[in-house]
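Presented sequentially are two complexes of chain A, the first with chain B as partner and the second with chain C.
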Partner chain A sequence: MKRRCISIFVIVLVALLSSCGRNIPLEDLTISLILGVDLDDEMNLIISESSPVFNEDAKKNIETYQLKAATIRDSRKYFDALATGEVTAAKIQVLLIGKRVLEHEGWFSILDTVYRNPSFSINTKVIVVDGPVSEVIFYEPDDKPQMPLYLKEVIDKNYIRTRTVESNLQVLHRQMYEKGMTPTLPKIIKENDVKFVGVVLLEENGKYVDALSIQETSFLLILMDKQKQELTLSIPITTFTDEGGIFNKNMLSIDISKVKSKVTTNYKQGKFHFNYKISMTVNIIERIFPKDKVKEAELKKLIEKELLSRFEAIIEKIQENKIDPIGLGIYARAFQYEQYKKVEKQWGEALSESNIDISLDIDINGTGAIK
Partner chain B sequence: MLFSRRYSKKPSPSQQFNDFVHQGQISSDLMENITEIQSVFCDTPDLIIRSLVIKQTQSQAVLVYLSSIADSKSIFNHVLHPLLFEDGQDINTEALNVSLGHIKKATSWQQIERAILNGACILFVEKQTEAYIYDTPDFPKRAIEDTTIESSLTGAHIGFTETGSENIALIRKQIHNRELKIKEITVGKRGQLQLSILYLADVANPDVLRELEYRIQKVNVDSVLNAGVLAEYIEDNPYSPFPQLLLTERPDYAAAEILQGRFVTVVDRSPSVIIGPVTFDSFFKTIDDYSSRWMVASFIRLMRYFGFIIAIFLPATYIAIITFHFEVIPLKLLLSIGSSREQIPFPPYIEAFIMELTLEMLREAGIRLPAKIGQTVGIVGGIVIGQAAVEAGIVSNIMVIVVALTAVASFIIPNYEMGSAIRIVRFPMMILASFFGFIGIIVGFMILLAHFIELESLGTPYGSPIAPLKISDWKDLFIRFPQWAIERRPLGTKAIQMKKANANHQKGDQQ
Partner chain C sequence: MIKSKITLMQYIFLIHGVQMGVGVLTLPRELAENSGTDGWIAIIICWFLSIAASLVIIQIMKKYPNGTILDLLSHYFGKWIGKASHVIFALYFALLANVIFIREALFIQAWILPRTEIYIFILLLSIPSYLIVRKDISILGRYSELIFFMTLWIIIIYFIPLKHANWLHLLPLVKEGWEPILNTVKTSIFSFIGFEIAFFLYPFLQRKEKASMGIVIANTISLLAFLMITIGAFVFYSPDEITQYKEPTINILKVVEFQFIERLEIVFLSIYLFVISTTVLPLMFMTVFCTSQLAGKQDHKRHLFWFLLVECMFVVLFPPTYERNTILQQYIQQIGLILAFGLPLCLWGYVWLHGLFKRRAMQ
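On to the complex of A and B.
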């Protein structure tokens, strides 16, 4: 009995002792939702942070700070000096990186703490800002939810609609260290509004090389075989002599579903050959021109030709820049390991010399509810 | 030292309670017997001593009984009248001419005293060293009514009453079988209590019966108030929050349990009977489960287990999340929780304790109060908890939802004892969560699980179909299989006759 009482007493004491540590209720924290990394004109590192304010007396429901700091972790002490609560990184939704940062090689090492510190959320979306990050992070539109929510929703929605690549910290990390692939990140721009404009293509070392528009990104995603929902494309049928006039009378919109994208990898005559076989089911959803202008069989060919030219444009862009956002290097490593191993270090170059063929097979499934 | 001294103290002789045994035999002298009776029952105004001359034998006699608990009418009609007016020449002269069924003879004062206190009337006859005991009790009793605690939709609307013999009759009404045996044991020195263990001799395990009997016989107390008190004396682990014996006021449920091979202990003067051995899942079953269709019953049963988990872990999880692990909350919920928590001056665990304790007090207040005032408590509680506390910024909206969910989840458990146990277990969980967050909850859960596995009920495993794992018993655990699929009694009862039905499933037209 005596022993039992003492042991209970000790357990209570131990519980009290060891729990003096950090337990802060969430309303007393400053929960960063956006983290911004940028360079200013004198090439100083600028870290910015935005977090919600729960207090009812505060007029704004979000507080945003921007400051010069040596590293991301270093910035925390300055944020702590500014913010009401303890600044915590555990719920960061969006990491904004200025395009200016990407223009310098080796920028990725600045994100070290994001991966090393386990309290960082690995699901954080990584977004590139074309222009200064501060313009986006301080932007407070009247007709939109808070910026972190808005940015997250915009990227998520476009990802589901096959318009942008998957881009969280985890994926970025993999893409950076994967030798057979180069990173791609979504890009936003602040004009009148903050809007999503496409993706940026990075080199193996992370340096910015080129950008793709929204529609080009969709084609890139088909090549990556990462198509999500039905994908809508509006394409002009270029064979018509007239240009369509003010009502764009040569436009055709199609819904692409059931895409099958298969790559076969070969190595012949000192270079890699990638043969794409893409088959897709297409529904015509909008056709501005009259029916009698094109026959159905002809229409199919026209669509195929149009889509093929888009695919080829992207592949050309990729080869020109000596990058590999599709991840064809992973295929090469899987099927032609010995040859791949030789060129592993200069994979971008090897890909630019390789032969990428695309054969497209579309099947028009429906032409809509009206004739 | 403090504790050891206190508990090693030996009871002094004066603290050992009196056995109240009246030694000695009755005398053949009538006057001596009357004097003895009067000395034993002094200050007992309802004691009636009636002298008479028996017509049959022409001998002096005295009739003694307690008028408050003996049935005066049957004494007049069936004892006094025949003794006074019938000569009984046509009958055997040995026995006295009394028109009653239950007649005993006694020689010791001990027996006589007990008989008088049980409502019998005693006949002392001159020059005889034996007294006649006529069983004529008439204790005040309640009529058989609908069950009050364990109400049921489609089950029988009959509940046990405070009369032991009537309760046995209610069970016998369900099981017309000669194998239904009754073992009688008396417990309590001062308030002697008649216990009857009912079981099916060819089904129930004799080892378990021996254990139950042994435990009851070991109870050596002044008085046992009711079934709950007895259950506490004989249960396996008094330090467990979980009830290890099931108390029920439903005869149909008790009978069903007897048919499964369990033992039902009817406690006289108590409106509930004790069922043992039970398993954990017994507390999640109702008689309605068997009278409704199996899909509905299974759904409701799953909800009860879900409610069990919610009621134990939800407030603890709330504390843990708000205090330690806010990362797991989705962003939009985080923003709304943040803004509702912002005005609250207390840390989450104090907030949770305030609300949970208020809820428990309200619940308890509602039970004991008369029905008319009880409504007021509900309204006051609803307004105080639901609205005013939130508007005054003492608790957050989310906390109110958590408390309400917890309350609903604990009320869904059909057994009151188990429901209360869950409410108790919740509080240590909340303390652990406020200290250690999720790790604390997991540790608490592991302790609970370890305790659950080692628990026994009358020497049989308490967690039976789950731990030890007995897959064949799962037919009546989370999912209630159709009746025709259950052909065997549960293994947990250790019944000696397992099969209870043959394959009964009928498909299509049989004729």
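On to the complex of A and C.
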């Protein structure tokens, strides 16, 4: 009797078991891999998504839709009306944001669902599109893998080579809330091809202010002390007069194998002072001009001068725009807490008035296999 | 009277298991809300306090080594106070178990199975709970020990997000002075609540001379776990950002992604359910231990069955919400504070005075 009771009980429980009820076969899902957020000419929010098609009969292996919607979640009902399967956002790899969106304050709140809904992946790459998002998301080149894969690879590769900032939803969230730092995002552009062109600098509230080229981004990353395995810089040594002609005879490429960038923070005379001490070990990897043009000891000085002027140009850009993509505010908070707290709300302004000095020390390690 | 025995290891992991529960999932946020990234200092203060209270508990129990706190209270204060203490402890453990049990189900619902009803979780969790708790305390001790070693590897996963860490977030130490830190102690002390089960475990312990050492080790293991998780969360999230997350301890794992697995936080939480069970199950045991002693029965199986049934009925009749659960938790924690810190101190004073007078009378 007891055993029978237990077996009935078990059967009832098995019938109650969860997760058997709502299974969806993979081929019935429309798995969005790219989500695009943009504004059209009348300032309507445009949401687009792109997902692979798992169907033998379909000619194309990717389906892309674009539509007007009030919010990201709101767009799902329209996508469901269009797409073959149930649209799911759990596997989004890339979030494209149109530059036009960034030109308006308060755009960040549109991403609320991405953070609120636990099923969104927080590692989704965030990329800014200079121009309409639709041009990128509908672009189907013959010689490239599908757009989501391509975009992810491009950003990852440039990240490893110290050319773009780390940018995913998690990092964006941190930078948006952090008072001592302003956000930066990688930027792509669609001309003949879709290509990565540098990073955009945003204000504290997320509004677009300026952009950096690829090489400038490398310098920014050194200032942030975030260099990765590989870092190459190509610079003209401007002291030599370019003799003109087709080939730039004053170009030099250096491969930076080791960088140490240290900041000391001080507060004197109503101003923050940041002193950078950057030391690099470099290898000369390409030198177009002949060897006898300069002695090695002088070359070191020349490289230092060139690099320094580039660092200073970036600092100037930052201070002019009253932003802090480096995160010097985090240093200020850590070492000059009392003073920082006073200006926390207008940190960009405080930074623009502060002194940022850079001293550079280069050690030339090798000059390559030929003389 | 007491037949089953527990080893020192089981004793340590039982106490640590009860301390390590659902609270740790929200702990970094609660600390950051009160004292920013200095919150971890408050944990260390709490650790000192809980060790002091724990040692007092052991000192009290030494006076009456073969019985639990219930027997001790009956011995010193007579039958009626003894009976009342049975009821109070039973109610306290029952409510605490109920709060954590339901919170566990709420977490599963929020993170893993959003479309399943709470009562189904409670029903399903009740079955293994029944199977483990119906036996004596040594089974529970073995279970806690096993789960501790089985889930130890979770620590490794926690080190992965640290590569994104910025240690500058922790500086400067003691930003706004000690006042906010001391205020934080009020909330973070609840993380350590659970050591009061030593009142009940002591008579079962095989080698009683190690009881003090054991309880210090248990508290220290909990301290290390709390410190690791809070400091990990503080250096990972920006101090301005961390209060945005309800359960930063789970959120932090969302960045961990391997080629072969995504949404690792689901896997983590599923395994963490075992850790939560080492909190809930001893509390359930203590509840039915108290009630069955009150009823004068050796066997607590039947009481356990009724307890779980009532629990299921409760969630069916009053579908729990996160807010209601939090309010209930805050109340029960206040009672916990009295039982874990207030009671030992008062009792210690009484027992000491009692001994003093007795010696006088003898002379």
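The criterion applied here is as follows: the second predicted complex is superposed on the first by the 350 of 371 C-alpha atoms of A that agree within 3 Å, B and C clash if a C-alpha of one lies under 4 Å from a C-alpha of the other, contacts with A are read in each partner's own complex, and residues count from 1 in each chain.
Assume contacts are C-beta pairs under 8 Å (C-beta built on N, C-alpha and C of every residue); 3 or more make two chains touch, one makes a residue touch a chain.
Quick caveat, the model's predicted, so the values are computed rather than measured.
Colleague: Per the contact definition in the header, classify A:L13: touching chain B only (first), chain C only (second), both, or neither.
Modeller: In the superposition, A:L13 touches chain C alone.
Colleague: Is A:A334 touching the first partner chain B, the second partner chain C, both, or neither of them?
Modeller: Touch partner of A:A334: chain C, not chain B.
Colleague: Taking the superposition as given, does A:S121 touch the first partner, chain B, the second, chain C, both, or neither?
Modeller: Both chain B and chain C are touched by A:S121.
Colleague: Contact-wise, after the overlay, does A:M1 reach chain B, chain C, both or neither (first, second, both, neither)?
Modeller: So A:M1 only meets chain B here.
Colleague: Just chain B (first), just chain C (second), both, or neither: which does A:E56 touch?
Modeller: First partner only, chain B.
Colleague: Give one of first, second, both or neither to describe whether A:Q170 is in contact with chain B, with chain C, with both, or with none.
Modeller: The answer is second: A:Q170 touches chain C but not chain B.
Colleague: Could you look at A:N266 and tell me whether it touches chain B, chain C, both or neither (first, second, both, neither)?
Modeller: Neither partner.
Colleague: Figure out whether A:N275 sits in contact with chain B (first) or chain C (second), or with both, or with neither.
Modeller: So A:N275 meets neither chain B nor chain C here.
Colleague: Which parts of chain A are touched by chain B and by chain C alike?
Modeller: Looking at chain A, the two contact sets intersect at 16, 18-19, 90-91, 119, 121.
Colleague: Hey, which residues of chain C end up touching chain A in the complex?
Modeller: On the chain C side, the touching residues are 110-111, 113, 115-116, 120, 123-124, 127, 164, 166, 168-169, 171-172, 175, 237-241, 244, 251, 254-255, 257, 262-263, 265.
Colleague: Applying the document's contact rule, which stretches of chain A touch chain B when the two form their complex?
Modeller: Residues in contact with chain B: 1-2, 5, 15-16, 18-19, 23-27, 29, 31, 33, 52, 54-56, 90-91, 93, 119, 121, 146, 148-149, 152.
Colleague: Mind pulling up the chain B residues that touch chain A in the complex?
Modeller: Touch list, chain B to chain A: 1, 3-4, 7, 322-324, 326-327, 329, 331-332, 334-335, 337-339, 341-344, 347-348, 431-432, 434-437.
Colleague: Enumerate the contact residues on chain A facing chain C in the complex.
Modeller: Checking each residue of chain A against chain C gives 13, 16-19, 22, 90-91, 115, 118-119, 121-123, 170-171, 173-175, 177-179, 181, 330-331, 333-335, 337.
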